[in-house]
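Chains here go by letter, A, B and C, matching the order in which they are written, and residues are numbered from 1 within each.
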Amino acid sequence: MKSSVPTPGTRPWFPLEKRPACCEPTPIIEVEQLSLHYGQKPAFHDVTLSINKGCITALVGPSGCGKTSFLTSLNRLTDLIPGCRLSGRIRLDGLDVLAPHTDVIRLRRRVGMIFQKPNPFPLSIKKNLEFPLREHGIKDREQIGTCIETVLRDVGLWEEVKDRLNSPALALSGGQQQRLCMARALVLSPDVLLMDEPCSALDPLSSGIVEDLLVGLRNRYTVLIVTHNLAQARRIADYAALLWIQNGAGQLIEAGTAKQIFEEPRESLTAAYVSGMRG
Amino acid sequence: MAEPVGRNHMPREWFAAVLVWSAAALVTVTFCWLLGDILWHGLSQISWTFLTAPPRNAGREGGIGPIIVSTALILGVCLGVSLPIGVGTAVLLAEFTTDDSLFGRLTRRSLDMLSGVPSIVFGLFGNAFFCKTLGLGFSILSGGLTLACMVLPILIRSTEEGFRAVPADYRLSAAALGLSRTTTLVHLLLPAAVPGLLVGLMLGVGRAIAETAALIFTSGYVDRMPESLLDSGRALSIHIFDLSMNVPGGDANAYASALVLVALLLAINGTASWLAEHWLHRRIVTI
Amino acid sequence: MIAGAIVLLIVVFLVMEALPALRHVGIARFFTDPSWHPAEGLYDLTPMLWGTLFAMVGSVLIATPLGILSAVFCRYYAPPAVARTYRKLIELLAGIPSVVYGFWGLVVLVPLIGAIHPPGPSLLAGVAILTIMILPTIALMADSSLTNVPQQYVRGAAALGLSRWATIRGVVFPAAKSGLFTGVILETGRAIGETMAILMVCGNVVQTPHSLFDPIRTLTANIALEMAYAVGDHRAALFVSGLVLMAMIAALVGAADWISRGRIYG
């Protein structure tokens, strides 16, 4: 019998501004000694980290140290890459993510992802949001309409697109597309949001808008954001972790509260990185 | 408002998988049946004598020697005419027009239209123009020229792609060294575009050999060894047609001829694919 | 330039040769005469027009889903080794000449159909052979369109927890739409223009088909059969049917162009 991610069946779904604030330092994702190999090459090695519920955790470090790989292993998107091997343990709210019998589809509904380059589907704006809803069981027209409007308001797109919901999503600007992708991830009401450098492919103006949105997400969703931008991490993160390449694979150097990492780092490498002297 | 609890996607996934695998299975079975049939019936007839002896008894016995010669001659004429014209046009398109000039677009459009014309219409045209108007009658020459018209679009397209694949740096370096345009063309670009040319050539040859309808009214039916280009000659494809439709009891040899034709085409298309993948680093569709 | 000249030349010659018939017989009679009987001066093209249309529609209707599903199989369902072999098989088949397909149809399919419902040569045989002929190219073009769908769409869909078929249906197909469409249109043109295979399996009786098992004659087969001995008006009439063929293909390409231009941002 296939076990699946426990569905919190009666949990109410609130639009962003009405969500109860919660930044309890209780872990929702626990990673133990996770290692990833692409064929023979290790991407990262022996990472142990806890992600706390309702908080924004920033994953920082120079390029190539396995941050994106780490992110994609949390929702098992690494399954799509041939030759990819994960070892270790990941627990989402008690569920063993890496177990072979875990229903990956339900997992990915609970853990949403936003990519570096905006990738809305080649469909209309409305279809982009409606399609995932329908696929996951919501059929009622009115309900879909309300969800779509709410989530578009949450990302600040409603006023801009409410008159052209049936126009192609690809006609939107880069910043709008990325916000649409965020709306698309939010529409499934995930527990955790994984973000892979969501602002790096955007111009400064759009980047600012998306960042404001991220701040609005704080305390409403659990967010794990990979970012190159230390200033951004400083601005929005509650917790932070530093990855660095050592011995040919990414290693977790230090993890803790944002205040700790940016102002009182324990490791010298961390200190050097956050002060801009290295990486 | 309830949270999306997820619907059971398993039945639909399962149904889709069954659909897709059945389609693939159906296609595979049909084609294996076809190929197997030809192999089974044709292999027993093939021998060196078969490939070189002339047909006897309206083709029921004997071999396909003269037919292979005729086919080769028709092919020769076709390529001899289409190569220079094709390469010339390709050079024109690639070097002297940009991607969206009106002339370039018109040419490309006409090439597309040309490749959509049915082969029988080419046959009609070949008959009217080469056989009657130019007075060549049913001959290898007419057949070859008609085929040249058919093969031209493929050749031009492929050669042009070969030219365009030459990196801009080559031209810039040549210009910086003060080489004239012609010199650059002949010594630098032409050799670099040879892979594209060869691929187009192979594709064109493949198409030409497979042609029947265009040849029926242009190169004729005669199955003797041709003496000159103005003689009528029978191509391999026409021979298969004749044996199966007009000659009762000709099936055995028809199978064998079909096998020879298919083997030939396989070799040609296979070479074209291999060339394209290794020299042009691109996959092509052999139509 | 040369290509354009050749197309023009072809049309001009067709028209020139067709003129006598057009002048003596008049274009209307090609569609209103009681039957096709050149010996008696009757030149009705409609039964053969129907033959061509039915054969084309039947084969395209069957080959398109099979071809597209084959491509989906290769890209998304088959294990890599199986996919490679399957693709090689399809490429092989795309290169087989029509005469060989026709020959096989004649010696294998036609007797089979004849055993179920005489006579053997029929519209059904024509549709079957045409389907087999156009399927590989549709599959190959579909495969290439599917390959060109950007990976980011597929990853985005996976991240949303969309199942494989949902991703293919909802994201990949819309993205590959124009390529798939082009492939189908190209092959429909080929189905209209196919001569040899149809000639060999369809029976060549000039009649409007009323059932799948009726023998038919298409425009193309008609030209091939009668050209050898046609003279005068008869010969010119055959050229007229050649022009009709060109017109059909031009209409097809035009319609495709118009549809795709309208739909390209849909």
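In the analysis below, a contact is a pair of C-beta atoms (placed from the backbone, for glycine too) under 8 Å apart; a residue touches a chain by one contact, two chains touch by 3 or more.
All figures in this text were calculated on a predicted structure; none of them were measured in a lab.
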item: Leading chain pair when contacts are tallied as C-beta pairs; value: B-C
item: Most distant chain from subunit C, judged by the mean position of its C-alpha atoms; value: A
item: Rounded Å distance between subunit A and subunit B, as computed from the means of their C-alpha atoms; value: 52
item: Gap in Å, rounded to a whole number, between the CA centres of subunit C and subunit B; value: 18
item: Gap in Å, rounded to a whole number, between the CA centres of subunit C and subunit A; value: 50
item: Junction residues of subunit C - those touching two or more other chains; value: 161, 163, 166
item: Residues of subunit A touching at least two other chains; value: 105-106, 109, 135-136, 188
item: Touching two or more other chains - residue numbers and ranges from subunit B; value: 6, 9
item: Subunit A residues within the subunit C interface of the complex; value: 75, 77, 80, 104-109, 112-113, 115, 117, 119-123, 131-132, 135-136, 168, 171, 181, 184-185, 188
item: Residues of subunit C defined as touching subunit A within the complex; value: 150, 152-163, 166, 170-171, 174-175, 265-266
item: Interface residues, subunit C side, partner subunit B - complex; value: 1-4, 6-7, 9-10, 13-14, 16-17, 65-66, 69-70, 72-74, 76-78, 86, 89-104, 106-108, 132, 135, 137, 139-141, 144, 161, 163-166, 168, 186, 189, 192-196, 199-200, 220, 223-224, 227-228, 238-239, 242, 245-246, 249-250, 253
item: Of all residues in subunit B, those that touch subunit C in their complex; value: 6, 9, 12-13, 16-17, 19-21, 23-24, 26-28, 30-31, 33-35, 37-38, 85, 89, 92, 103, 106-107, 109-114, 116-125, 127-129, 133, 149, 152-153, 156, 206, 209-213, 216-217, 237-238, 240-241, 244-245, 251, 254-255, 258, 261-262, 265-266, 269, 273, 283, 285-287
